[in-house]
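Please find the structures below.
In the two assemblies presented below, chain A is common to both, partnered first by chain B and then by chain C.
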Partner chain A sequence: MLMEHFNLALVDWSRAQFALTALYHWLFVPLTLGTSFILAIMETIYVKTGKDIWKRITKFWMTLFAINFAIGVATGIILEFEFGTNWSNYSWFVGDIFGAPLAIEGIMAFFMESTFFAVMFFGWNKVSKGFHLTSTWLVAIGSNLSALWILVANAWMQNPVGMHFNPETARNEMVNFWAILFSSTAVNKFLHTISSAYVMSAIFVLGVSAWYLLKKRNQALAKRSMIVASTFGLIMSVFMVITGDESAREVYKVQPMKFASMEGLYYGQSNAPLVAIGVFDRTPSPDNPKTKEWAAKIEIPNLLSYMATMNPHTFIPGIHDLVHGNDAHGIISYYDRIKMGKLAIAALKEFQLAKKAANDSAASTALKTFETNYKYFGYGYYNDPHKLIPDVPLVFYSFHTMVGLGMLFVLIFLLTLIYGVRGKLPKKRWMLYIALWAIPFAYLAQETGWMVAEFGRQPWVVQDYMPTLSAVSNINQTSVMITFFLFGVVFTVLLIAEIKIMLKQIKQLKDGGQK
Partner chain B sequence: MTKLVKKVFYFYYDGFRSMTVGRRLWLIILIKLFIIFAIFKLFFFPDFLKTHFKTDKERSNYVIEQLTK
Partner chain C sequence: MFENLSYLALQQYWWAIIALLGGILVFMLFVQGGQTLLYTLGKTDTEVKMLVNSLGRKWDLTFTSLVVFGGAAFASFPLFYATSFGGAYWVWMIILFAFILQAVSYEYRTKANNWLGTKTYDTFLFINGLIATVFLGTAVATFFTGSLFSVNAMHHSFWQSPYRGLELALNFGRYATYVNLSLGLAVFFLARILASLYFMNNIDDETLNERARKQVLKNAIPFLVFFLFFLINILVMKGFNYNPVTKVVNLEAFKYLHNLLAMPVVLILLLLGVVMVLWGIYRAVFVTEKCGKKAIWFAGAGTILTVFSLLLTAGYNHTAFYPSIFDLQSSLTIQNASSSKYTLIAMSYVSLLIPFVVAYIWYAWSQMNKTPITKKEMEEDSHAY
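Moving on to the complex of A and B:
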């Protein structure tokens, strides 16, 4: 089967719908993940010091946390609906691998969050301080563990391990749960994603508190909140940089095409420089392979090689090397992978026919060919290897926006912490404005991070095995278009509701103290 | 045992009654869940393989056909 046989418009609409749902869902999730821990820290200070101001601080941020949670909860369920309706081939193909982590996530989220949430919100003055605090910590741990299972499932799609493909059922079967859970991609993805969520939440707390200081209202709450947020944010942003660095090395190993796209590296080189800032002119194409890629760029010598391998002299393959192969560096070309992929697809078909005809010898031969070439199964859907390149400028700009903002946040946390500890924050109005305006940029960093991960791995839905185009269900394109716009409307209404309710709560706070 | 059940019941009952912002949030949650489960799921998101095929064998045959045609 060739890609021309697929309804590419249906594929695009299904992708757009999934992207819309996931991007909106991800507007709510990081704030829940991070604020839950910030709340737990604030309540711990209250329990340790016994000072009433910390109780009021905790309760205020808990209200904003609840608003975000209430609006965001269940928006992720729609993604699961989409798997069953729009992505049925994919859902079948990934089988138990995806099902198990999602089932654990569902059970864990339900029991941990729903039980301890109630204690956290209704339990003030009804349960002991210690029990209430324990519940707040368990909500934080529970919501983060829920994220773990989703991210493990996502990591498997980027780096499929611990499974065996059953050619009789066309399903991947889990053979090693621990290999899936502790794959280096899963570990890095989880740590980097949650640390970035903590950073975003810390920026949120910092920004809202900065607004109070600018308005000279609730200053006691604002100053204390800023100290907690900037300390937590600084630690987590450093951790985020470390896990991001580790993630980049991981991407280099398992998704070299994504890595090359993140850096806009078309032609591989030793001592590869890192493009710190760059603007594309034109991207090379099969018709014009030698075009000038960059209108302008600032490079840091050797840094890309070092970042990828901890050795500044290593050869880093570019997009051209991956497509055309590079014997000197042992890189199999996409042309060869396509040939092997086609052999695998044909062998799977032959295996099925031989099985039906009860021809064991033919089935065995087909199975052997299939297993030899299965590694490149997904490539067989393509004729043109250039279709296997993601949107390089989009991935490059998303990656650099994310990294640039991440670095900026480290600086913001450092400065607010220094000024906060010295008691100078209320006078540093420029710093307060920066902290306030950092909020939308923290959301932007989250979304661009998602775009790097998901657009960067295109065309794969399961790396090397299943391209996005073969994952979609053969359904009516119009229904996908209708639901795309319906989701757009519903999610926009939810987002507006969240912003309005939050702003109202922020504006009407009166008991935040002034000293 | 009855005492404990009563205690838990009143814990939630009093909690819900004393909510202020929470009431509006619950309304949003309920409307949202209705839209998601009663409208989206029912009318727009049938499980493709479950509704079109009866057995797993039929489903796997269909997917293999899709992947290899």
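Moving on to the complex of A and C:
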């Protein structure tokens, strides 16, 4: 089947629905991942010091945690089932590999999270102090374990390893579990995502506390919370920068097209500069190849080559090199990949026909052709290589927003920690305003991070093997449109309710102390 | 250790796990049953609050059971996951919407400035209680009565009804619809019985206990009617057999009855399960108050055993567990819908964690349940829903 045979509107609506649920879900998850550890740290201080103020601090943040947790759970269940409801062809083609981490996530992490969440929340007067503290830690570990497994699953889509295509069942099958779990993409993705989530949580705690200091309310709680958040945030933000840097090299290795799009690099070059800030003019297209791509940009020489390979002189392929190939640098063009992909698809059909006719020699010839070309199987769905380029400006702007904000957060934590330790925070009102206003930007950084990862890999749902358009369920477009709008309305209503409740809880706090 | 098992044995092992998760999920639907009884049992705000908080400490486990059921089905029988979820789109979407509403309702219902008001969130809880029980029960019945889909050589599945699964509950011209709905309603009334028994165990309040006891009897009668209707029907109807060698699917008279007779252990488990549910009900209604407190354990374990053995009947003894009445040969069996041997082995090692999970849930809850919920606690706990 060729691209033209797919119902592209159905693909777009299905993608829109998945993007909607994923982006909503990710509004809540990072706060859960990070705040759970912040709570565990605060409660540990309470148990160690026995000071009542720390118990009140823990309980206050726990209240906000629970409000956020509920809506995170609500949006999360959809994602789990959406692979089946909207991407059923995907679910068969790679379900043998992709299903396992999802199941493990449930067995290993979700039960731990939900069991100990109830103890943490309602057990203050019912269980011993030690068991309660253990429960709080287990909630943090459980929620982060769940992140591990779902990120392993996502990483596998970006860098499919540990598998083998079985032509008899027409699907990919797992051959090495450990290769999937410990693939460098999975490790980087997990570390970078959780550390960024911790940063976002620390910004949240910092910002809310800054508001109390600005209002001169609950100052004891606010000052202590800010110290915990700044310390935790500073350590984690440095870790986030390191893992982000590592991730970039990983993307360069396994998804060069995504890498070129992140940097808006159309024509490859040695000593490639990094575009620090840039504004697109018009992107080149097959009809308009000479169009100038940049309206304005500021570059840092050699840095892109260095970032990708730790060597400032390396040749970095641009979008044009990937599409048209580059013999000097051993890059096979998308045109050739499409040819090989088509051979693989045709060979698979021949294999199945030969098997049905019990013609073993024809089957083995077809299988050989298939195996030689399977590497580029997914390309065979396309005729025009330009359809294999993601939305470059979107990926570029998302990437640069994420990186810029990430750097800024390191600076914010550093300053709040220094002022906090010296006890000068209440007087530095400008700092408090920055901390407060950093909250929406922390959310923005989170969402743009996922946009880089997910828009950047298009049109692939499984890199090189399965294009998004062949992954959808065989379903009518109207049904998906209806559920898209239903989800949109329900999530928005619940989000408004969540924000109103959260703000009220913050405003009505009275026992946070002043000293 | 799992490497030495045959592919078929692994498939059977995983079907048993799915069946067990199904059993646990139906038992845990007592939360949903309770959500439909909030205003039947609770007459004052405090009473409703006690009921909500009693359920509110368990709802997340039911939710997790559903998610794990989905995840385990995906990992072990991906073709079932792809066919059923992608095919019966509207059935699953409606179930999912009901669960979205539930997830926020406990936490938000009494919070200040919650925008929609307590009554709205309580209505969400009622909707979730009604839909989750009836729809999940109806969906399970289709393991016996079949659905309308086809699967091609590439294993792409195509649902053959424009109503996307809703026809299984709404096509009143087909006899099987009544069988499907009868299980849906049986699960609904069973969930209300289990909820009442749970309240008797978990809440320390005489008035509420007395009302719960009455609810047990009121729901026991419709439950028995619908459940027996379902059970008798599947025992006498034609079932979906497949030839273990040629894999060709055919209709066989009294298939499920034959399965039970061919697997006496499953038959015994089924009978034991049903007897335990009835014993739980009997104890709660007719024996002393102390017996009523423990009734939930009998009825709960009985529910798990009953569902477990019913699902084994649907999938073992070369039976197609997800039959297609549109194209018999598209029917899914534990052999043609499963993951590869490697994945099943890997997942089997993961399944060794399950007893450990059950153990810590047990421990955490025995710590939490030492003191039942009282009016006093509701007034004092700032975190109460």
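In the analysis below, the second predicted complex is superposed on the first by the 512 of 515 C-alpha atoms of A that agree within 3 Å, B and C clash if a C-alpha of one lies under 4 Å from a C-alpha of the other, contacts with A are read in each partner's own complex, and residues count from 1 in each chain.
Going forward, contacts are C-beta pairs under 8 Å (C-beta built on N, C-alpha and C of every residue); 3 or more make two chains touch, one makes a residue touch a chain.
What you see is a predicted model, and the numbers here were worked out from it, not measured in a lab.
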Chain A as common anchor, with chain B and chain C clashing or fitting: clash
Which superposed partner A:59 touches (first chain B, second chain C, both, neither): second
Partner chain in contact with A:168 - chain B first, chain C second, else both or neither: first
Contacts of A:485 with chain B and chain C, given as first, second, both or neither: neither
Chain B or chain C, by number of chain A residues touched: C
Partner chain in contact with A:70 - chain B first, chain C second, else both or neither: both
Which superposed partner A:126 touches (first chain B, second chain C, both, neither): both
First (chain B), second (chain C), both or neither touched by A:474: both
Contacts of A:345 with chain B and chain C, given as first, second, both or neither: first
Contacts of A:78 with chain B and chain C, given as first, second, both or neither: both
Steric overlap of chain C with chain B in the superposed model, located at which of 93-101, 165-173 or 255-263: 93-101
Residues of chain A contacting chain B in one complex and chain C in the other: 63, 66-67, 70-71, 73-74, 77-78, 81, 84-86, 88-89, 91-92, 118, 121-123, 126, 169-171, 352, 473-475, 479, 483, 486, 490, 494, 497, 501, 505
Of chain B, residues touching chain A in the complex: 11-12, 14-16, 18, 21-22, 24-26, 28-29, 32-33, 35-36, 40-41, 44-50, 56, 59-60, 63-64, 66-69
Chain C-facing residues of chain A, complex: 59, 62-63, 66-67, 69-71, 73-75, 77-78, 80-81, 83-89, 91-92, 95-100, 102-108, 110-119, 121-127, 131, 135, 166, 169-171, 173-175, 177, 352, 473-476, 479, 483, 486, 490, 493-494, 496-498, 500-501, 503-505, 508
Complex interface listing, chain C residues touching chain A: 53, 57-58, 60-61, 63-64, 66-68, 70-72, 74-76, 78-79, 81-87, 89-90, 92-93, 96-97, 99-101, 103-104, 106-108, 111-116, 153-159, 162, 164, 339-340, 342-343, 346-347, 350-351, 353-354, 357, 360-361, 364-365, 367-368, 370-371, 381-384
Interface residues, chain A side, partner chain B - complex: 1, 5, 63, 66-67, 70-71, 73-74, 77-78, 81-82, 84-86, 88-89, 91-93, 118, 121-123, 126, 168-171, 345-346, 348-349, 352, 470, 473-475, 479, 482-483, 486, 490, 494, 497, 501, 505
